[in-house]
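Next up is a structure, given as structure tokens.
Going by the order they are written in, the chains are A, B, C and D; count residues from 1 in each one.
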Amino acid sequence: MDNIKLAARENRPKTVIEVGSLRIGEEFVIIAGPCSIESDELTMKIAMAVKQAGAHMLRGGAFKPRTSPYSFQGLGMRGLKILEKARGLTGLPIVSEVLDPRDVAWMCEYVDILQVGARNMQNFSLLKEVGKVDKPVLLKRSMQSTLSELLNCAEYILNEGNQKVILCERGIRTFETYTRNTLDISAVAALKEMTHLPVIVDPSHGTGKASLVPAMCLAAAAAGADGLLVEVHVRPEQALSDKEQALTTEEFADLAGRVLSLRRFMEGWA
Amino acid sequence: MDNIKLAARENRPKTVIEVGSLRIGEEFVIIAGPCSIESDELTMKIAMAVKQAGAHMLRGGAFKPRTSPYSFQGLGMRGLKILEKARGLTGLPIVSEVLDPRDVAWMCEYVDILQVGARNMQNFSLLKEVGKVDKPVLLKRSMQSTLSELLNCAEYILNEGNQKVILCERGIRTFETYTRNTLDISAVAALKEMTHLPVIVDPSHGTGKASLVPAMCLAAAAAGADGLLVEVHVRPEQALSDKEQALTTEEFADLAGRVLSLRRFMEGWA
Amino acid sequence: MDNIKLAARENRPKTVIEVGSLRIGEEFVIIAGPCSIESDELTMKIAMAVKQAGAHMLRGGAFKPRTSPYSFQGLGMRGLKILEKARGLTGLPIVSEVLDPRDVAWMCEYVDILQVGARNMQNFSLLKEVGKVDKPVLLKRSMQSTLSELLNCAEYILNEGNQKVILCERGIRTFETYTRNTLDISAVAALKEMTHLPVIVDPSHGTGKASLVPAMCLAAAAAGADGLLVEVHVRPEQALSDKEQALTTEEFADLAGRVLSLRRFMEGWA
Amino acid sequence: MDNIKLAARENRPKTVIEVGSLRIGEEFVIIAGPCSIESDELTMKIAMAVKQAGAHMLRGGAFKPRTSPYSFQGLGMRGLKILEKARGLTGLPIVSEVLDPRDVAWMCEYVDILQVGARNMQNFSLLKEVGKVDKPVLLKRSMQSTLSELLNCAEYILNEGNQKVILCERGIRTFETYTRNTLDISAVAALKEMTHLPVIVDPSHGTGKASLVPAMCLAAAAAGADGLLVEVHVRPEQALSDKEQALTTEEFADLAGRVLSLRRFMEGWA
């Protein structure tokens, strides 16, 4: 931890990142949406539904990092234009993943938060590039990385000038096979001790099982996370990627209500 | 999972285990106390404090499984007699670990719940022996085991006749070094799908860091656990084992209040 | 490593353990045989075949630690009598696993080496019991344990008086699914730095795949292991346990020849 | 494994990759050199020494992926020019790592093999880019990835047209702390079953400890690897990166002799 300087808790008690009227790190935020952007119509439906359910931001992948070159790789630019339209319709700010340092500059025109995915957490060229722009970065913990390594990657971004980094726990790789990954909820409390940056949790990738997502959202909220990243689809079984882990819009509406009420209850303690 | 028969959810919706007037699996239970029983006076102090703070049962190790043969191995029989006295004083039922199949029968005279520790989860001789007595068994998940393996071990106990098994998640071994283990909160929700047995969580061993225990207790409660196992000490820094992970009695009192209030709030949802 | 005293390399350059005319730790030994003892006839066939192929000792499980209570649990005492007969027939010393501290004393009448299996590595009651007898102990590394923990377990045995401990690497649990475990060949070289005790390798459990066993036996021999533990069966596909990882007697004969010739070649270097 | 097409063993028995007069996949190759290129003089010394000791290629990092932004990041272009000079001096082909898709095309002017490091194994933009050039690619397994995922990444490269992919096992992340990573020697034998691509092993990163490197090189050679990647330095204790794992030139000379003699001995078996 000797190398953690700009990200260190000693430095600053808390970072609050403004996105539109949202204040991430201060108020609890729910970012919801499909794994990948598949079509205009579907995206609008999901965007409207998550907005109505209480989500604060819309997520959706236009460039998809897939294990196999033969899997659906995303709609690219067309996906970003669909997201832009969804933002126009709902007012929800947009989060989408950037995979290539050459795409950082122009993608800033489309998205409100640039996501750096787990597989690219230690893609230092990409980190340096997103560190040079004035756009919040959602940095996901790699499934193999320690918290110290995650903070070193945040440090790469901060060191280039961009101070708006949001960390995201999304499950680590273990021997357990019932879940896709093991969601490390203790990372929330640990990171709160180590850094001033906001920390959100992605139980969809973290468990890989829709049936476990609601309990893990409540757990993350209770543990003090600053927000959630949740995959939602109108018809999960027809999704082009990660269909096992997406909630239906109905399940999401029920869950969002509970999570927000839990947090309000807990705020009464302080 | 083909071999999970008696423990399987299909079999029965829910197992409720009665210990005195407690109904484990139906009401949320907090089991608290020192890692090891160190002295009569200290144990009485801690027992009184956790009772007052709202704990439902008292834990304490008389036989300690220690990595090194040169570490404190527990007070043995004398420790059990101290626990017995603490139960007399507070009315709290007693949980203590059994390490040897030869000790099972006589330890039943002293304790209300027999604990089988993580290192002995697959000690099949011990499992068969605790399966033959009429005493609830708290079976801790080994830090290397899958949920399916944990249920197979429960199956060993159930298959011998003893139907009173409580499962306990206590952290799995991963590459992360900030925490002692990685507490797998998703195991709670997963086990609830797989089995009818009650599931509790031990955030003290699960994180190995007292500062992370409160957040993880809240997370476990929010995720739907049936209870908690928490290490508490009057002066943690002087404890003979696991000093880094024990809460003070004051910290525990504050935490127990929050956890129980969180659960009451969540019960309002159903 | 502060607690490693009797097992530490500083203490002694090398431990040589005599079993009959074998000198384990000085000469390379191959221990071969079936996973479990299934019948008299089969055991004699396998014993004769491995003897002829060059094996130095015979292994076979009479008490089997199985994940599920409904799997074949071994022939028990009857299995030991069959092993005794095989020793009479071939002259090969016998290695078999002990699961329960109550079985240690009488099993010494039957076996030449007591095996403590991976699941019982931290069964401290069992370790103390095998530490009290005058019989070499083959201590297998648990699939979750660090090398330091393995040595602490050896220390439990040495501390009771029994100085004849042989360590065995048999694969650790990782995220990889192509193999059953990940065989940690580097443990051989690491343990040679840390301790004076002999170190052998079990590629059958370590990989869980017969097709990978020959390459891993050669690798272990080249890395400086003191011996091998290899599962061999006349008809692996009919074995009652671990059928995927057993070599046929023909495969074993070919392999044993190569391994022994490799070691003779390497001895020419010193 | 459903998606492994071009890399699959069924497709082709064996790929041989020519680099100068070397035939990788057919003859055993040793690639040696410093972790990072630090200076002209040092590089020439090391290059001469490894050449004399029997190495077939020279490795050295010009662009270094470092956990912290404050660690030495490599000499960049200047490092490549030094490597070019060392090739001129010794005749050894050059291997160096590429970190950014924008650097692929021009780096092909300097190096004989492009290395994609473990942290970038799933940097799909980079994989696609190295798939478009006519230059062999050394693809290192990520410390978190399964063999199936490694092959999917090779598939990304092959699918773009470049058929010259060499796989490299360099240790996976486990709970063991004595070594930096756990070198998975069984990956060699497993990959030989799964793919026709050459497989080499990097025991320097795989163990992180110079004292364990010789035994692991011999193990890898005995297991059937197609070559080795070994870190060598004139004065390891003064190296700017990874000083704990580099061999001295004398140690390397001794080791290279043994490894090559072992392989010649084993070739006599076939």
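Everything that follows uses one rule, which is that a contact is a pair of C-beta atoms (placed from the backbone, for glycine too) under 8 Å apart; a residue touches a chain by one contact, two chains touch by 3 or more.
Note that the structure is a prediction, hence the values are computed from the model and not measured.
Shared contacts of chain B and chain D, meaning chains that touch the two of them, come down to A, C. In terms of C-beta pairs in contact, A-B outnumbers the other of B-C and A-B.
Chain centres here are Cα means. That of chain A falls 48 Å from that of chain C. Separation between the centroids of chain A and chain B, computed from CA atoms only, is 34 Å. Chain B has residues 144, 173-175, 177 in contact with two or more other chains.
Residues 173-175, 177 of chain D touch chain B in their complex.
On the chain B side of its complex with chain A, the touching residues are 144, 146-148, 172, 174-179, 182-186, 188-190, 192-194, 206-207, 209, 211-212, 215-216, 218-224, 258, 262, 265-266, 269. Those residues of chain B that touch chain C in the complex are listed here as 3, 5, 65-71, 99-102, 119-120, 122-126, 142-144, 149, 152, 155-156, 159, 173.
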